[in-house]
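In order of appearance the chains are A, B, C and D, and numbering begins at 1 in each one.
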Amino acid sequence: MVSETQQATVTRPQIRVQNAVKSFSGRVVVDIDDLMLGDQPIEGLIGPNGAGKTTLMRMIMHSTPLDSGTITLFNANGGGDVVISNLPTHWMAPHGLVKSNQVIMDFDNLTILDSMLLAVSTARYEKPYRIFDEPRLYADSVERMNEYMEYFDLGDPMRIAGSAGEKKLLDIIRCLLLEPKFLMLDEPTAGLPEEVTEKVVGLIRKLADEGTSVVIVEHDLNVIWNLCDEVHFMAEGSVVLHGSPEEIRQNSTVVEKYLGEGHV
Amino acid sequence: MSETNGTPMLEASGLRSGYHGVNVLKDISFEVGNEVFTVLGANGAGKTTLLATLARLIPSTAGSISFLGDDVTRIPAFETAARGMGYVPQERGVFPDLTVMENLTVGGMIGERSREERIEEVVELFPDLGNLGNQVAGTLSGGESRMVACGRALMQDPALLLLDEPTAGLSPLYVDMFFEKITEIHQDKGVGIILAEQNATKALEVADRVMVLSLGEAFAVMDAANLTTDQLKEGYRI
Amino acid sequence: MDLDFFSKSIVIGLTEHAPLILAAIGFALLYRLTGLINVAYSETITLGAYFGMWFNTTYDLNFYTVLLPAGIVAGLISVGTYFAVFRPAKKLNVGALEMIIISFGLSIVLRHALQFVFGYPVRFFEVPPPVSIRVLGVGVGAFRILAVASVAAVSLALYYFIQRTSFGLQIRALASDEDLAQASGIRPLFVTVLIWFIAGVAGGMAGAFYGVSSSVAPLLGWRQFLFIFLVVVVGGRKGLGGVIITGALTGIALAAMTLQFGQVLYAQLALIIAFVVLLKWRSKRSIETVKV
Amino acid sequence: MNLEWLDAFLISGLFSVVVIIGLALLLHLQLGLTRIANFGVVGFFGIGMYSFGVMFTKVDWPFGDLPAFLISLAFGTLVAGLSGLLVGWLIADLDEDGVLVGTLGFATVVFILATTEQDLTGGALGLGGLKFPYDVGTVKADEFLWLIIVSIVVSLIFLYVWWVHRTPYGRLLIATGGNEPLARSLGKATFRTKLWLFAVGSAGMGLIGALFGVMERFLAPENLGIDVTLAAMVALVIGGTARAWGAVIGGFLIFGFFDIIVQSYIPFPKEWYGQAIPNAKLIVEGLVLMGVLLFRPLGILGAMQRDKLMRRVHG
């Protein structure tokens, strides 16, 4: 864990969600007055079905447009504050905001190495006339890529990811290669073998220690209880509780929302 | 573990299924008789996947399903529907482009009894539907569209009704009403019910037997009365 | 611009472009149900024209007698293409993009194969010379009036079939949500075949109308395809009613611009540009949620 | 130059094969890598051809033929590129139906303009006055030289397309085609990528159109039929959409076979050449397109094989 003094010196990026509303065909799915994410290194976002967790993450990434409200990223790459609710999705990564995917997502024809090179490459390299940049791109990033490959024991990178678990892991690695300052993980461990899950968790901790803010949505609440410094509990579209994992776990509202009133 | 009364209506054994090569359900076996059988579990536990697999809308990767004595593991969804399985999916339970009355009529395309008679019965069960006949289902409120979805499935004269979180996101008034209706459907019409729910309290009130799903595995299958809060919390990992 | 211009545009637009509405209804059925953009639909139209002409000239039958047989043959061919090409393609899990290209290939095959059957020269229906009547001060061939009336009748019949009958309900249910329709006991194969047949009949009849009002040539359907497609893509969101209204407005707009510019091609040009810009504008306004 | 050994049919047959390969190569970038089905290939081809033709024949050039020729060529390429930019902007964020409407619509617009703007294009009558920028004696020699020049241009296009697979840009195109939302979430501006792709691809198609027009010498709207798009698509699909060599192999295989062997060397009855053979050729093209996409969607060469490529590049 990070010591108090260390934490004070690190300026963590934070996201503030204000008056954000999203409804689908008349039904309000997310309605948040004021929510600050990123106060603590690792925060969890939990809640019963239909609470709006995934929708909130997509709203932050702007792959779901907001009906109203603003979302601001403080301490973005470069230190400034950016109102991200007006920006298209592809501007999030350059600002240091990255999200992994809940469902398996991969590029059909790209090898593992390609996927990694795609993540580390920037628009500067990707012009139709910049046709001799591949060696430089590779040389610049080979060390970082090797680190991950060795850590996860990926084997030969010049092949297309096979199993669903491998694709899920590759999705997370792509996110990490983007060097996120604010990382959102949507069910990062679903479908991963146990030993890989542990490695991913270890890496998330390390990243958080180094100053990245992490927000996790996860159905396996054991992961949340073990990993998070703070937990946000969502129900019916808004965040109804914040607190340490212990506080949340013991809170009667949480039990009620999950199980129903009689079990409090 | 308790037994069903008499021969089971539906029997699943060693069931596995999921999406994109990830098995959400990991080896599930259970029997359902003419009863209210409740499937509890937190989000991500696999309740929706289980019901869609039983309705034959998601292919199972292993295991078998038998319904009313026949093996239905490989037959198409419209065939299981014709044999008496009614299915109300979680959110998209209505045809959004059709009117309420048309939604009900689609349900009434199978079965022998006269359609008018069945529509009358459904409207008797959900009186609100009587006034909504010509409204396009896509414009209904959440509670109304859930009633239409239920009504559509009941129009099929099902022997077994699969209900996937019929009360999720509804106001408490609707929730109470729906659970009353579930009891009514089971007791008055003799329809067996598989009810997937997250809200344990309400669901246990109407359930005969219960199965708790925990990350794709059956955690407990037992009489609803015997389930303890601690068992539930463990299943939900709270 | 005066009242005369408007009445002229409306009369000419509706009489000349009435078959567009009929063809668009058929295409819209296929498009909305299967999500398939069937480029070969243009050949269904062409074949309707050819078979109509063939029945008409071979058996010396009056145009209205051959209309339905021409439609039915086109409908059967349409069902044939479903079983020969599109159903296997779906079973082989062909992607949406490949599906369009396959239908494009089919379109080319049919278009040129029919020339081996019917010969290369342009053919004509044998119908009595038109008698002109005045409608709203515009001279129109009596035949055209009849054509508009019959297109309207057929369109309404189709509309009724889709909106009011039990088969029509099954079709719309399947189009609305395929999984739910199956869970409700609807047999997808039966309904799908029905759709292909009806779409083919509508296209074939439209082709016969196109053919009788000018000539019967291999490119007959292809020349109309872009406009049919545009009408359906732009108007199809609101169901068949939207297609019919958009089709009628397109016909009127084409006629009005033709009068204005004195050149039918300019009218087409303006309309294509307007429609594509409209699509662009609409896509800007409705940013869909993506699953990332 | 003694060219008696060379058959005039062979020159024109090879020329059309080379032109189709060029178009198919550019289509490979759009359809094969980025998964955009451009049905308006002939539109970009045509606008380049006509812009070049009009510029070259209608302007009173103060200097010699060659500079005028080159300037007109550049103009045709530029106009095609700009129209690609415009079409790309209109359709890059639409789905498959929008792309089909937009590209098909553009091809129709070009056809209409070629027909209506009689002062510039000669309308349906056609536009004459095009000629080679040189004269090496006989017509046959001129055409042969032009075949070589165009082959060189198409070879350069091939080299570029082949090389793009080895660049970050090519990787981005493949990623955009494979999973656009995912690419966007990795910070890729996919809309702009498609825009540039359309601009560059269309410019190339326009250039090929202009070069084709020179060989034709006489431009008419009949040159702008959908069969040009079909030809490029068939060549690409049969060879393999995912591989750079696909266009080359497919082009030689199907058009080499038809345009050279069948049309020139097999002694069919004379009367078949008018309509039966061209007609049969199109039927075969359509059947090939359907058959390949149904039963071997990746064509003769098959999948992209990035694994082997990456091993070669970084191994």
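Brief remarks on what is shown
As a working rule, a residue touches a chain if its C-beta (ideal position, glycine included) is under 8 Å from a C-beta of that chain, and two chains touch if they have at least 3 such contacts.
All values reported here derive from a predicted model rather than from experimental measurement.
For subunit D, the chain whose average C-alpha position is most distant is B.
Between the chain pairs B-C and C-D, more C-beta pairs are in contact across C-D. When every chain is reduced to the mean of its C-alpha atoms, the one closest to the centre of the whole protein set is C.
Between subunit A and subunit D, the centres computed from C-alpha atoms are 44 Å apart.
The centroid of the Cα atoms in subunit C and the matching centroid in subunit D are 31 Å apart.
In this assembly, the C-alpha centroid of subunit A lies 49 Å from the C-alpha centroid of subunit C. Among the residues of subunit D, those in touch with two or more other chains are 181-182, 184-185. Across the assembly, subunit A contributes residues 61, 63, 89, 99, 101, 103, 105 that each touch 2 or more other chains. Contact residues on subunit C toward subunit B in their complex (touch as defined above): 166, 169-170, 172-173, 175-177, 179-188, 239.
By the touch rule above, subunit D contacts subunit C in their complex via residues 31, 35, 37, 39, 89-91, 93-94, 96-98, 100-102, 104-105, 108-109, 112-113, 115-116, 181-182, 184-185, 226, 230, 233, 237, 275-276, 279-280, 282-283, 285-290, 293-295, 297. Across the complex, subunit B meets subunit C through its residues 55, 57, 76-78, 81-82, 87, 89, 92-98, 102, 105-107, 109-110, 152-153, 156. Note for the complex: subunit C touches subunit D at residues 31, 37, 39, 85, 88-89, 92, 94-98, 100-102, 104-109, 111-113, 115-116, 120, 222, 226, 229-230, 233, 263, 265-266, 268-269, 272-273, 275-277, 279-280, 283-284, 290-292. Looking at the complex, you find that subunit A touches subunit B at residues 25-27, 48-50, 103-104, 163-165, 187, 190-191, 219-222, 236, 249, 254-255, 258-263.
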